[in-house]
């Protein structure tokens, strides 16, 4: 009877609701000068692997054990380098005309179809992106400057030797900013996730009193709950939520730090959420919202258990493969996916309420402390190709 | 060999052909301040039902026997209320953060995750739309003012106690105005529908002389035929159409009023067509073109028979289910659907001819007599949310 | 993991890379005042056949052995004439209201539903396009002026009585200009097609020295190779390409003219490529890039063998059906299709190299010598309907 036409109901990239935070408002496709997780190491073999991040097409190459990332575009006619052939170690060769690039610095080392003395060699360079391979994950620096150490952008306990990481990368519809806001949003979990299968035996509180406090000023904020009300009596609605004998409240995890991640839910730049000691006491959940384009992001979810015991490692991996991936990362967080998609599609003004101070604290932190430039909305971003020299092709010698 | 790309061949919402009728031209998504049929009563059960009308997303709710319609958008973050849960009688609760609205007036009566004393309660209201449930149909008033009585917008015999209504709502591609013009267009039936299965044994006239006369000035126009020419001799073409022994002319129905609807084809605001005593003498056809967005409309078709005899009622329903729905409302009117879609997609100027005075009479009537404001073309329309008060969410108390 | 959204990554119709050639830059949808091949004669039977060319919808009609082409749009309400019925020889009748047009000149000869004395008859005309049926192909003139003789736009040996033509029309994604540039581009064949199945036993040279010389000034250019280097030693890359015992070089065909087409690869306006004596000594390949809209073209490929021997004709047809169509026109040229599509989708600047003087020579020739006006980018083009007279439809007499 009715129909939603996705072509007609798209939020404009810059929303009136975000005007109070102009940098955040402009960051439709993300924030430059940060490290982002791109995929698991095991996802990159001999085949080139293209990924779009922050509006830019990037191709990953594994070469003699090391990993490199280049702009996925041959500067000649714009053909993606993902189709490149491997003619010679340390290089990739564009499939169209045989332009051959050094994967480590993007320099054109040969234009095969123009002979060994081709005058364009050495005059063209494909932009490259620093890559770090740590904890079985490929991290990429997208920025204009020299990269900071990876440790500045990733929680330290995540990089510890005894951190055992399982997880899932998925491409999700919805702007990365609304994904981040959803993750840190104090109120929604207590209503939206009430029907999540993972919480079948858990009584969620009706409401809480929460303050947003910094962990590291300008980089991290966390939520501190000062009151947790399990049930209350509302005008009109009456007593809510109903107590069920099979549901038990469990707030103990907020007060016992059983993991190196500490306690609480924290959000940091450039869009990394930590839910410490959740969904059980000895693991912590991390998620990154890596911008892809205006309307989609790479949603990277991880569960970490800190242990050196081989048995505990095995239990951690098994639990994830058997049920945590499905119940938590898929069904529970799938409820959020629908919300993030709808907030992105909506074109009306927002009307915030008291618990949204978690959202506005995040917006303020981005606005004040962001390291790089916001990437505005547009189809795709072609990075400026470094101009080294010119060659005249119009003359017919 | 060739391909029509629907993304590239779209008529601009405002067509140069309609410039002589500026209000009509502007009414790309319809006319406000009218009653429109939205669905059969039986189509709305316990589940919320979303429908887009006049560019606005509306959700229908049945609550203790009564039906209500609200803007299908939570004012908080724009999530559709169609996903709402039913926590408490008389209210619906947005699935994202538990904002709870009184279905009868749209007022926010609780923000569950913010506790019973949430300061936003009473300060937010979702726009609501008056609903009438009459003759097994849900009618909705889309407008700014107090609704007029339903009887002002629906033909009186349609609402009579002895009117037995069968029919079909379907979402159809094409702008509502071209659907209305097609319905009242004098000439097309005599050519386009010549191949309709329903008219296999009917000889259609070659041409007729028709005048457009008002029923109620400014609200209704009807067609009066003064001459019906069964066959004629044309330059170039010769004798047309060919007589076939199995096809017989039948014009008697134009002169015998066997139903309370009288005779003839009539069109009224806001887009309701009546074809009296058609396709047989004791029933009349009605159709509404309810705007959905720029390129689609809800096409509501009804066949009415006036009787109190249980047997005649049964016959009426059976004929519809057995063949009239398929032959008339589906195949016959499906020929029109393709035309309306193509007129909407076209981007060139129109060139009208003599029989199109039916079309221009309708355009003039809309232009002069329309009650409400035209709804211009755009993705979707977010009604102004009533501002009752403000709440500061930026402070971190 | 990643996704290319075709809606978001579209090259703007006018590219910064083409600014040096403003007419060529503007010719997004082609060049008017030329003859174009539209389909094989056998593809047009009794059914009307719509084709979009140069942004214009055209319908082909076969009538008593002759072929006509009309604008595929009834001037009344814009319904495509492809749906027309055939009421009377020499005419087609629009399915909506029975407007009947003479196929030879597009004039409205009857408006059936308005009677024999309809005042609009003789006052409306559908634009028509001259058609020539030669060598089993339908050629259409798209232009404003009187057509030139077909011989001016088609290579003369292609039209010879002893030319036996086989081939394939297909609709291909990608702008026609990048298709033409790809066809004449000196360098890509020696790298991209290295993996084509058809060249399994052929050693392609590493690079060549090529000059672009005119055949007919302003109409034709051809490539002359002065050096062919089979293998070379490159910095970084080393010896390339590797010799294989099963691959043998074959450059003899460049120096022996065994067909009336002579030797070499030549390109002419409005986008017709000839590869003489290829893929074997006694046939020549021709291809046209017929613009359809901004992002697609009709790719017409032909293989010609000049002979009057029935046996040789049979061999020519059989070889094409058995393997040449699949190995050459489908797999080999399918490698190009992907490149042309990506160059069209790309939105960055180009960076040409020495062998691209073939491309720039073509751009210069179009810029200086083009006969008609370029057709700029837009959804579709509605040709100006000739205004013969006016009729007032607003009065209700």
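The chains carry the letters A, B and C, assigned in the order they are written, with residues numbered from 1 in each.
Here is the rule we go by: a residue touches a chain if its C-beta (ideal position, glycine included) is under 8 Å from a C-beta of that chain, and two chains touch if they have at least 3 such contacts.
The structure displayed is predicted, hence computed values, not measured ones.
Colleague: If subunit B were absent, into what connected groups would the remaining chains fall?
Modeller: Without subunit B in the graph, we get one piece.
Colleague: How would you label the subunit A and subunit B contact, same or different, if same means the shared numbers make up over half of all numbers there?
Modeller: different
Colleague: What is the distance, in whole Å, between the centres of subunit A and subunit B, each centre taken as the mean of its C-alpha atoms?
Modeller: Here the centre of subunit B sits 45 Å away from the centre of subunit A.
Colleague: Touching at least two other chains at once: which residues of subunit A meet that condition?
Modeller: In subunit A, 7 touch at least two other chains.
Colleague: Considering the complex alone, what residue numbers of subunit A touch subunit B?
Modeller: Spelled out, the residues of subunit A in touch with subunit B are 1-5, 7-10, 20, 185-188, 190-192, 206-207, 211-212, 229, 232-238, 240, 338-339, 342-343, 345-357, 360-361, 364.
Colleague: So in the complex, the part of subunit A that touches subunit C is made up of which residues?
Modeller: For this pair, the touching residues of subunit A are 7, 39, 43, 49-52, 73, 75-80, 83, 87-88, 91, 93, 95-100, 102, 109-116, 118-121, 124, 169, 171, 292-296, 298, 379-380, 382, 385, 391, 393-396.
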